[in-house]
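One chain, chain A, appears in both complexes that follow, with chain B as partner in the first and chain C in the second.
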Partner chain A sequence: MLDVNDIHVTYGRLRALKGVSLSVKEGEIVCLIGPNGAGKSTTLASIAGGVTPHRGTISLEGKPLAGVGPEGIARLGVSLVPEGRHVFGALTVAENLRVATYMRKDRSAIAADYDRVLALFPRLQERIGSPGGRLSGGEQQMLVIARALLTKPRLLLVDEPSLGLAPKIVDQVYDILLAARKMEGLTLLINEQSSHRILKHADRIYVIRGGHIQLHDTAANLQDGEAIKRAYFGFGEEAAIDEEDAA
Partner chain B sequence: MKSGTRPSLVRRFWPLVALCLVVTAIVALGSLGNDELQVTITEMMIRLVVVVGIYLFIGNSGILSFGHIGFMCIGAYAAAWATVDPTWKQMMLTGLPDFLQNNQYGFLPAVAGGGLLAAFVALLLGSAIMRLSGIAGSIATFAFLAIVQSVYSNWESVTAATSSIIGVPTVVGPWVAWLFAIGALVLAYVFQISRFGLMLRASRDDEVAAKSSAVGIVKVRLIAFVVSAFIVGVAGALYAHFLGILTADTFYLSLTFVTLAMLVVGGVGSLTGAVTGVIVVTVVVEVLRHMEAGVAVGATNLHLPQGSQEIGLGIIMALVMIFRPSGLARGREVPWPFTPAARRAKVPAV
Partner chain C sequence: MIGLLQNLVDAANLGSLYALAALGVGLLFGILRLVNFAHGDFISIGAYALIVPSFEVTAQLFIGEWNWALMIPTVTLIVVIVALISDALVFQPLRRASAPTLMIASFAVSYVIQNGILMIYGARPKAANLWSGLDTPILLGELRVPLLQIITIGVTLALMVALTLFLKQTRYGVMMRAAAEDFRMAQYLGVNGNFVIGLAFAISGILATAVSLLYLSQTGTLAPTMGVPLALFAFVATVIGGMGSLLGAVVGGFLVGFIVIMLQAYLPEDLRPFRDAFAFTFVILILLVRPSGIVPTRAFIERV
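Our next item is the complex of A and B:
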């Protein structure tokens, strides 16, 4: 479904991605894990069209996404849930959700989707008339996910859904993501810093560090966590790659 | 959409109805007063059209514009070109195209023409600068104001430059201005609650999230910019037919300052704020002006020093910034008056 092939991204003199390749198949849950500054968010932003790689290609179902732009990519069915709860603070919960439906062509289906998505989020239903900026952190994260679901994506990119949330809320967020996936037939690409929760849910895992993919395998093969730990912290042979970059 | 998520039609349009009633009441009361009051009320209504027009763009997009008085200038001159006596135009405005130079048009076509020319210029300008956000966009609009000012005060054969256009029919009184004020309020409110208004306010709150919700930010901004320029251009045409004489200096920094002050005092976040600001600032400025002229108390004539108006306006703005940073209306619309007090207290729960 999604193919990212050897993308390089720089911010000024900082090389954020130094050749990242990954692929996501229809219906999968793929997780990209890595420490701060590894390039996780940049990878998702590149897919969503927020930043433009200066080398490499990204294609969705075989069609290259270069030059399509963020709104265009969203219309193709790729929705990004950005890191850090980007709600429209002055708009009510209902308005936040309505904005997401304006790009859709299938107007008749919207009302039903609206009810179905909202049924996943009883808490949002209660706060439907409050401004988005007044919700708690967990509620905002739910709102952003609900909003993304209403654009009717086929591929949902979720950037660090657990960031700054209490563990109990994080579990709720994951429960909702999984329920939404089942209901909407979604494909998920999720960024996370920690691996233990994601090992339960993901089909495949990529570990990214220093702008490189360090490790890629199915979640089943990585259950003991040792290989992930090595790739994540850079013990052993990966250190050599870092030195090569520095030079 | 389920009925539970969208309030009924009456409730959705309540703020607009309330504002129209207030504005109508002011004009109706004013029409009982003397000629001087009539002039004040007329000017207030024209400024209301300007401020509502500016609000439509600034309030919804979050981009401060210093350039809208330039659109007012464009609208004012375009309307004057249409309604001034042809013999005068043939003598003074030799650079005008024939259809304007040799004909005289009615008031309404002239107003429409003024609005449309301003909207057209906004379309050209906006296509270039709507991708700029924040202060970069604001500076670009300021540059536009300076360009308009410079062109209109020097283009002798078209604008009569410093010798000014005279003989514009003064047909705008309180009720004509009122009619356009109501029109501007309706247009601004309908835009605000339309999908374009909602998308624009979403982009104001968070550009990243708006883009990932597939909002074409540049496009919705441009639509607002053009509609807003149209309203302000119409206000310019009204102003021309209120003053009777046009010079480009009328449409520069002091008018920009007063209109933006109105928007800031009332609050840039809501249409109610825009209207409140126009009313409050007009009242304050008028009271101070009268006190500058002097108030007779017994045998002595007490009066404030010259310049009190400007100082007073400055103080009001400073106080509002300190005590109500989001303006007198706090970015909210007129609330629905029939919500039980107990429930109303529950709504803003954090």
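Our next item is the complex of A and C:
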């Protein structure tokens, strides 16, 4: 479904991605894990069109996404839930959700989708008229996921859904992502900093560090966590080279 | 007492014009982080569009002579088209540029429009009589208020209500508010960025036209730089109101109008030529007390 091929991204003089390749197949849950600053968010932003790689290609079902732009990519069925939530604070919960439906052509289906998605989020229903900025961190995370689902995506990109949330809430977030996946037939690409939760749910895992993919395997092969640890922290010779690279 | 009331009506009248201009500036700032100094020149265009192009000192009304029901939409359309063209030619290629770059580009647009007016209409100020019948004073008790001032205040209030309803109740309004708060996130949700920006330019053109017509009918003079002081005061109004807040722009506009009129009325005669210096002193004082404006928003800090 999604093919990312050797993308390079620089911010000014900082090289954030130095040749990242990954692929996601229809119906999979793929997880990209890596430490802070490894390039996880940049990878997702590149796929969603918010960042333009200066080298490499990204294609969705064989069609290249270069030059399509974020709104065009959203219309193709790729929705990004960015890190840091990005709720529209001055808009009510209902308005936040409505923004996501404006681009849709299937107007008649929207009302039903709205009810179906909202049924997953009882807490949002209670707060439907409050400004988004007044919600708690957990509620905001629910809101941005619900909002992304209302764009009717086929591929959902979720950037660090557990960031800054209590473990209990994180469990809820994952329960909802999995329920939504089942209900909507979603494909998921999720970024996380830690692997312990995601190993249960993911089909395949990529470990990224220093703008490179360090490791790629099925979750089943990685269950003991040792290989992930090595790739994540960069034990071994490769680490020294990488440090130089970063400096 | 009656003198004070009279001054308050004058303040509301001038404040209305500043508030309308400030709304146009504030709207574009909210969406695009563009401080549009060409807004004043949009206002000039709305006025010049009414007259026959010539170098004559006395302006001959052309579109200005039409029935208002036809004239207002025509002038509005002209200004909106100019606003959209300046977006397409200048600001669209600069979408990823920084806020200072955008502001300097708006100065360029401003000079191009001013010089365009110079070439077509000449440099000398012109007299023009738009809606001269509206000068008749209305007596409210002892208070004599020109009908035109009542219309100005009324039109301003009506446009504010209309803009509020548009932003709160329509899908395009909700889109614009979302984009003003977090432009990139709105795009990730499929909101078409160029469309929303174009809409903001169009609305800012409509607001500029309202100022053109009201201002011209009050002053009766056209000059190639007539819009510049209006844009300057509008900019000041958005700053003291709180950059990025439309409510702030309106409050700021009325406050600036109030300060200017009160200084004009109560400053000693010798000091009156320096009225604007005193007005800006007040602005500095307000900013010392409330650096982020009267109605602060997060929008200014937030955009990455």
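In this text, the second predicted complex is superposed on the first by the 239 of 247 C-alpha atoms of A that agree within 3 Å, B and C clash if a C-alpha of one lies under 4 Å from a C-alpha of the other, contacts with A are read in each partner's own complex, and residues count from 1 in each chain.
One rule holds for everything that comes next: contacts are C-beta pairs under 8 Å (C-beta built on N, C-alpha and C of every residue); 3 or more make two chains touch, one makes a residue touch a chain.
Predicted, not measured: the structure shown is a model, and the values here were computed from it.
A.B. asks: After the alignment on chain A, I want to confirm one thing: do chain B and chain C clash, or do they fit together?
C.D. replies: Superposition result for chain B and chain C: clash.
A.B. asks: Just chain B (first), just chain C (second), both, or neither: which does A:K229 touch?
C.D. replies: Neither partner.
A.B. asks: Touch check for A:H54: first (chain B), second (chain C), both, or neither?
C.D. replies: After superposition on chain A, A:H54 lies in contact with neither partner.
A.B. asks: With the two complexes superposed on chain A, say which partner A:V99 touches: chain B (first), chain C (second), both, or neither.
C.D. replies: A:V99: touches chain B and chain C.
A.B. asks: Which partner chains sit in contact with A:D115 here, chain B, chain C, both or neither? Use first/second/both/neither.
C.D. replies: So A:D115 only meets chain B here.
A.B. asks: Tell me which partner A:K25 touches in the superposition: chain B (first), chain C (second), both or neither.
C.D. replies: neither
A.B. asks: By residue count, which of the two partners contacts chain A more extensively, chain B or chain C?
C.D. replies: Partner with more touched residues of chain A: B.
A.B. asks: With the two complexes superposed on chain A, say which partner A:R134 touches: chain B (first), chain C (second), both, or neither.
C.D. replies: A:R134 sits against chain B, while chain C stays out of touch.
A.B. asks: Just chain B (first), just chain C (second), both, or neither: which does A:K200 touch?
C.D. replies: neither
A.B. asks: What residues on chain A does chain C touch that chain B touches too?
C.D. replies: 48-50, 70-71, 74-75, 79-80, 82, 86, 88-91, 95-96, 98-100, 102-103, 147-148, 151
A.B. asks: Which stretch or stretches of chain A touch chain C in the complex?
C.D. replies: So the residues of chain A in touch with chain C come to 48-50, 69-71, 74-75, 79-80, 82, 86, 88-91, 95-96, 98-100, 102-104, 147-148, 151.
A.B. asks: Would you mind writing out the residues of chain A in touch with chain B in their complex?
C.D. replies: 48-50, 70-71, 74-75, 79-82, 86-91, 94-96, 98-100, 102-103, 110-111, 114-115, 128-130, 132, 134, 144, 147-148, 151
A.B. asks: Where on chain C does chain A make contact in their complex?
C.D. replies: 171, 174-175, 177-178, 181-182, 184-193, 298
A.B. asks: If you look only at chain B, which of its residues touch chain A in the complex?
C.D. replies: Touch residues, chain B against chain A: 1-2, 4-6, 195, 198-199, 201-202, 204-206, 208-217, 269, 331, 347-350.
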